[in-house]
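The same chain A turns up in both complexes below, where it pairs with chain B and then with chain C.
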Partner chain A sequence: MADINTIGAQFTEFYYKTFDAGRNQLGALYRPTSMLSFEGAQTLGDAAIVEKLTGLPLDGLVHKISTQDVQPLDGGLLITVTGQLLAGGETNAQFFTQTFHLKPDGGSYYVQNDIFRLVYGL
Partner chain B sequence: MANSLKGHVDTSSKGADAFVGIYYQLFDTQRPVLNRVYRDTSAILWNGNAFSGIGPFSEFYNKLSSSEHTVNAYDCHPLPTSTAPGTPGSMILNVSGTVKYSNEASARHFSQSFILSPDPTNGSFYVWSDCFRFV
Partner chain C sequence: MQRDRNGRGGSGGRQSGGVTGNETEGLFTSNFSGQSNSGGGGGGGGGGRVHRGASTGRSDRRRGGAGGSGGGRRVGGLRGTSANLPHTRTTGGDLDGDLDMGEKKKSFNPYQRPGRSTRSGPTTQSISTDDDFIIFVSTTGNNIGTDSGLDSFLTRKAGLKLDITNKKPSADNNTVSFKLPNVEQARAVRKLTGIKYRGAKLIIKSTGDQRIMEDSSRSAAPRLSSSASTIDSIRTFIRSRHQNGFLDLENMAADPTLRAASVIPPGGKSSSSQVGAVLMKVASELFPDINTISLASNKLRSMQPISSIAQFFPKLLNLSLKDNNITYMKDLEYISGPKKLTNLRELILLDNPIRDRAIEKNKDDFSYRSDITKMFPSLQVLDQTPVTSSKISFGLGDLVVADKDTAALPVPIKGNFYDSPGTQAMVEEFLSSFFNLYDTNRSALEAMYDSSATFSYVADMTISNLQRLKGLRGDRWENYVDGSRSLSRVKELDERTKRIHVGNTDIVKEGILKLPKTKHQLNDASKVCVDAWQTGGLLPAICIYIMVHGEYEEPNGSRPVVKSFDRSFIIAPAPPNSQASLHGWKCIIISDQLIIRHYNGPKAWEPEADLNASKPVALGPQAGVAQGGATPGAIAPGAAPASAVQGVQPDPQQTPMAGITAEQHAMAQELQRQTGLNYPYAVQCLAAVAWDFAAGVALVNQERANIPADAWQAPRF
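Up next is the complex of A and B:
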């Protein structure tokens, strides 16, 4: 079995690449039981989550990962990411933190929990 | 299903409020008793450093300068559970904010992800796993 750090790194690379290229592709990563908290707004289920994410008024996004920590959780993984987010046309990057809980499904994983927060300047 | 999930969300929210209210206060003003919210089985990552259980971790944090945490935001999700709604299950808690150490000139941003599990003896939550990072 691949070690959890490798699984985590593969997941986040895929996640942010897909998010930045076209958020509507993210649906397959979630399930009807999945929960998203995005800047405090809570959404349940893959359909609603994709609607929420594609509805965000953000274009030309680029996520840059600074750190990612992976810990085992109940047969799955907990990934804590910190990084920077640049929105198209903006010159100032914003810091963010995102926590994913991945659960195994067949040979791969889906996102059961997703918590995203911007981290504001001091 | 909807009602039971709502029950778990409510129970987790209350548990998260109570935990956040006490954790940083202990860290900042009563660090010697912070170990009460951890166990020997707690999995701890502190800015990339791994500690197996509260023993090694408390040795580490007792050496840190005194701290002042300011919590800006926190989110919690209940983890799927088969217990009755209103019975505490585990949860994910993510906290972000700033922390100022007395030996440093400026405060730093932090992000901290906890998995909290219920303590059946007293209804509170303890730290199953903890991941702290400066942002």
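Up next is the complex of A and C:
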């Protein structure tokens, strides 16, 4: 198995790039059993998650990753990312923390759980 | 637009030309003899030059020339008698400022400098003057003098490129001054005064301040040298259009009174910039109580011709610009901004390209309405639709510097999330016990981690601007950096492996015991945020995901430091003969990931009046969990006896309820399994939906929030 850190980094890069470019493309990462908790609101299933994500008024925002950490978990990965949400050209970013649980599925991984919270910058 | 600029060209001429008593002569022509662009009369030439560069230089010039001749003709029609408007002016301070402009503001000399032609290509921004404008930006406690982000912020907010030079901070660093090369840039920046930047208001001033701000809005209104008969005609016109505070200036071009007096109203071809100002001024003198004005159907492309509406009717409540040709936000700026139309309650922009194009482009009017309401913050009704402030959010760039210090994303924030009361009880107990031991006796946690559990932490040392603003200079992180597993910093495989701790012994000895001592603030429910839910299918048993956000104090050191943290756990039922079970733990930690940050405060998870959010619950003594006991045995007062601990599956030994069939019994157990209801309630629920299983599931999901706590299965571990 490839190094989980590498997989985690690849995932994180892909996820946020896709998120910032077109959130509707994120559906492939989720499954019907996947769960998203966004600011405490929970969504179940890939279709609902994509709907939720695309409905978020985050257009023009860019994720800037500060840190990421990956742990192995039950054959999958647990990734915790911290970073900042930046509006175009804006310097007052909002901090966030996001945790993903990736599960293996054939040769690839999908997001079983996705937990997002803004923690601001004070 | 260039028509109006002609007016300004005229004013420039007037200022420097030492206009004598005979104003009729000097208005457009006296100072342009030296201009290279002499076509169409001086004024027109100036107009061409000052055109904003939206057209090519050539067409500018051509249009300017044509405009010039038109202007000359028309102005000629308005002047020629002794009744110069300045003499009829009222004595408002603002107005005087405007009227005296020529005498006072020698520095404003846009068309006079001999060397001007060397720098004014066709694309040169309008009315450029070789006098730089010096801008002063001040704020408090923000060290703005050395703030490198200011330039780009101002540029973005001003909406045009700023050629900032000679930037200098003041001694106290609360003010920064810089030069801008032309009035257009200066005005755009000057208009931003009062805007919030990094949480504090900016006060922006400029040399030639009054001129900058008033130049656009009042282009020499009363300088119109008009005949008594023209003024009389305008008075007659205004009287005919006024009724009970409502001034109806719709389709002025068709008005017989104005036509008879050869007055070309604003929006008409070759209309003078001054006509709008005169109309407003006369109207305000005749009917000071006007609160509603309609300028519908006037072919207005910009608010510039009637920008003085903001001057003469500062308390205007309602304005209709329906059915005009307003296309860009810029064109509305002449009547928006600080101290302009601050009482404006209703605005109509229906049937203008600015609205139609935005809707066509975005498929909705959301951003259009956002933009307009941002320009006119007092608006309550836009295009005959109420402005609901909660629905109209500004662009995100503004949100970040909006009024709230901690501006939010426009998504509702919910407080703690638990998928069921059972989870909540379990998680609260777990966290309370965990952090209690973490603060007082970390070694005891060795039993709480699974033998293959993982632990790692990351110190996120990023400081936000707001934190910096509030005086945060960065904590000391030396106790954290050595073990911080930030994968973007730690690249070597060895280090990466070393910094992830696997197994309870390694976790405690090499992981958590090496971290600074802590004192978690869990007693104050508002300072903790928890998302947690049960999930099946991960490991052989079910698990609970927990993500907790909060803060702790490091009591060591000369003075305590408060840090914020995020910590995600995955916990599972403690296996029967595990160390955890023997110590009385009901659950065991599978994974523990910790993020430590600079202090962030708890504002991020303040619920925004979300009634569905679970109430924050303190995890300390107030939650009824023994805190003093550092021994694991103390953590489970009132917990189910160990023998009753079972997995998520319904109890196979459950006796079927009397009076139901075996099939119904199985159905109830399945409902238990899928929803977490306890057996009696599962039966009750299914009975209520006539044993339609799908309907039962739907009912539980729909009514989840209303189902009493005792309907749920007891905590599962």
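Rule of thumb we're sticking to: the second predicted complex is superposed on the first by the 116 of 122 C-alpha atoms of A that agree within 3 Å, B and C clash if a C-alpha of one lies under 4 Å from a C-alpha of the other, contacts with A are read in each partner's own complex, and residues count from 1 in each chain.
Operating definition for what follows: a contact is a pair of C-beta atoms (placed from the backbone, for glycine too) under 8 Å apart; a residue touches a chain by one contact, two chains touch by 3 or more.
Since the structure is predicted, the reported quantities are computational estimates derived from the model, not experimental observations.
Trainee: Mind checking the superposed model to see whether chain B and chain C fit together on chain A or clash?
Mentor: Chain B and chain C clash in the superposed model.
Trainee: I want to verify the contact counts: of chain B and chain C, which reaches more residues of chain A?
Mentor: Looking at chain A, the partner in contact with more of its residues is C.
Trainee: Once the structures are superposed on A, label A:L85 by its partner contacts, choosing first (chain B), second (chain C), both or neither.
Mentor: So A:L85 only meets chain C here.
Trainee: Give one of first, second, both or neither to describe whether A:A41 is in contact with chain B, with chain C, with both, or with none.
Mentor: second
Trainee: When the two structures are overlaid on chain A, which partner does A:E13 contact: first (chain B), second (chain C), both, or neither?
Mentor: After superposition on chain A, A:E13 lies in contact with neither partner.
Trainee: Should A:D105 be classified as contacting the first partner (chain B), the second (chain C), both, or neither?
Mentor: neither
Trainee: Once chain A of both complexes is superposed, is A:A93 in touch with chain B (first), chain C (second), both, or neither?
Mentor: After superposing on A, A:A93 lies in contact with chain C but is clear of chain B.
Trainee: Pick one for A:E51: touches chain B only (first), chain C only (second), both, or neither.
Mentor: neither
Trainee: With the two structures fitted on A, what stretch of chain C runs into chain B, 260-268, 314-322, 368-376 or 566-574?
Mentor: It is 566-574; the other listed stretches have no clashes.
Trainee: Take the contacts of chain A with chain B and those with chain C, and give the residues found in both.
Mentor: Shared contact residues on chain A: 33, 35, 37, 40, 66-67, 69, 71-74, 78, 80, 82, 95, 97, 99, 101, 112-113, 115, 117, 119-120, 122.
Trainee: Going by the contact rule set out above, which residues of chain A touch chain C in the complex?
Mentor: Spelled out, the residues of chain A in touch with chain C are 3, 5, 8-9, 33, 35, 37-42, 56-61, 65-74, 78, 80, 82, 84-85, 87-95, 97, 99, 101, 112-113, 115, 117-122.
Trainee: Which of the residues in chain B come into contact with chain A in the complex?
Mentor: The contact residues of chain B facing chain A are 5, 43, 45, 48, 72-73, 75, 77, 79-80, 92, 94, 96, 98, 106-107, 109, 111, 113, 115, 129, 131, 133, 135.
Trainee: For the complex, give me every residue of chain A touching chain B.
Mentor: Residue list for chain A touching chain B: 33, 35, 37, 40, 44, 66-67, 69, 71-74, 78, 80, 82, 95, 97, 99, 101, 112-113, 115, 117, 119-120, 122.
Trainee: Considering only the defined contacts, which chain C positions touch chain A in the complex?
Mentor: For this pair, the touching residues of chain C are 149, 152-153, 156, 198, 393, 395-397, 399-401, 405-417, 419, 454, 456-460, 462-467, 470, 472, 484-489, 493, 496, 500, 529, 531, 533, 535, 537-539, 545, 547, 549, 564, 566, 568, 570, 590-591, 593, 595, 597, 599-601, 603-605, 613.
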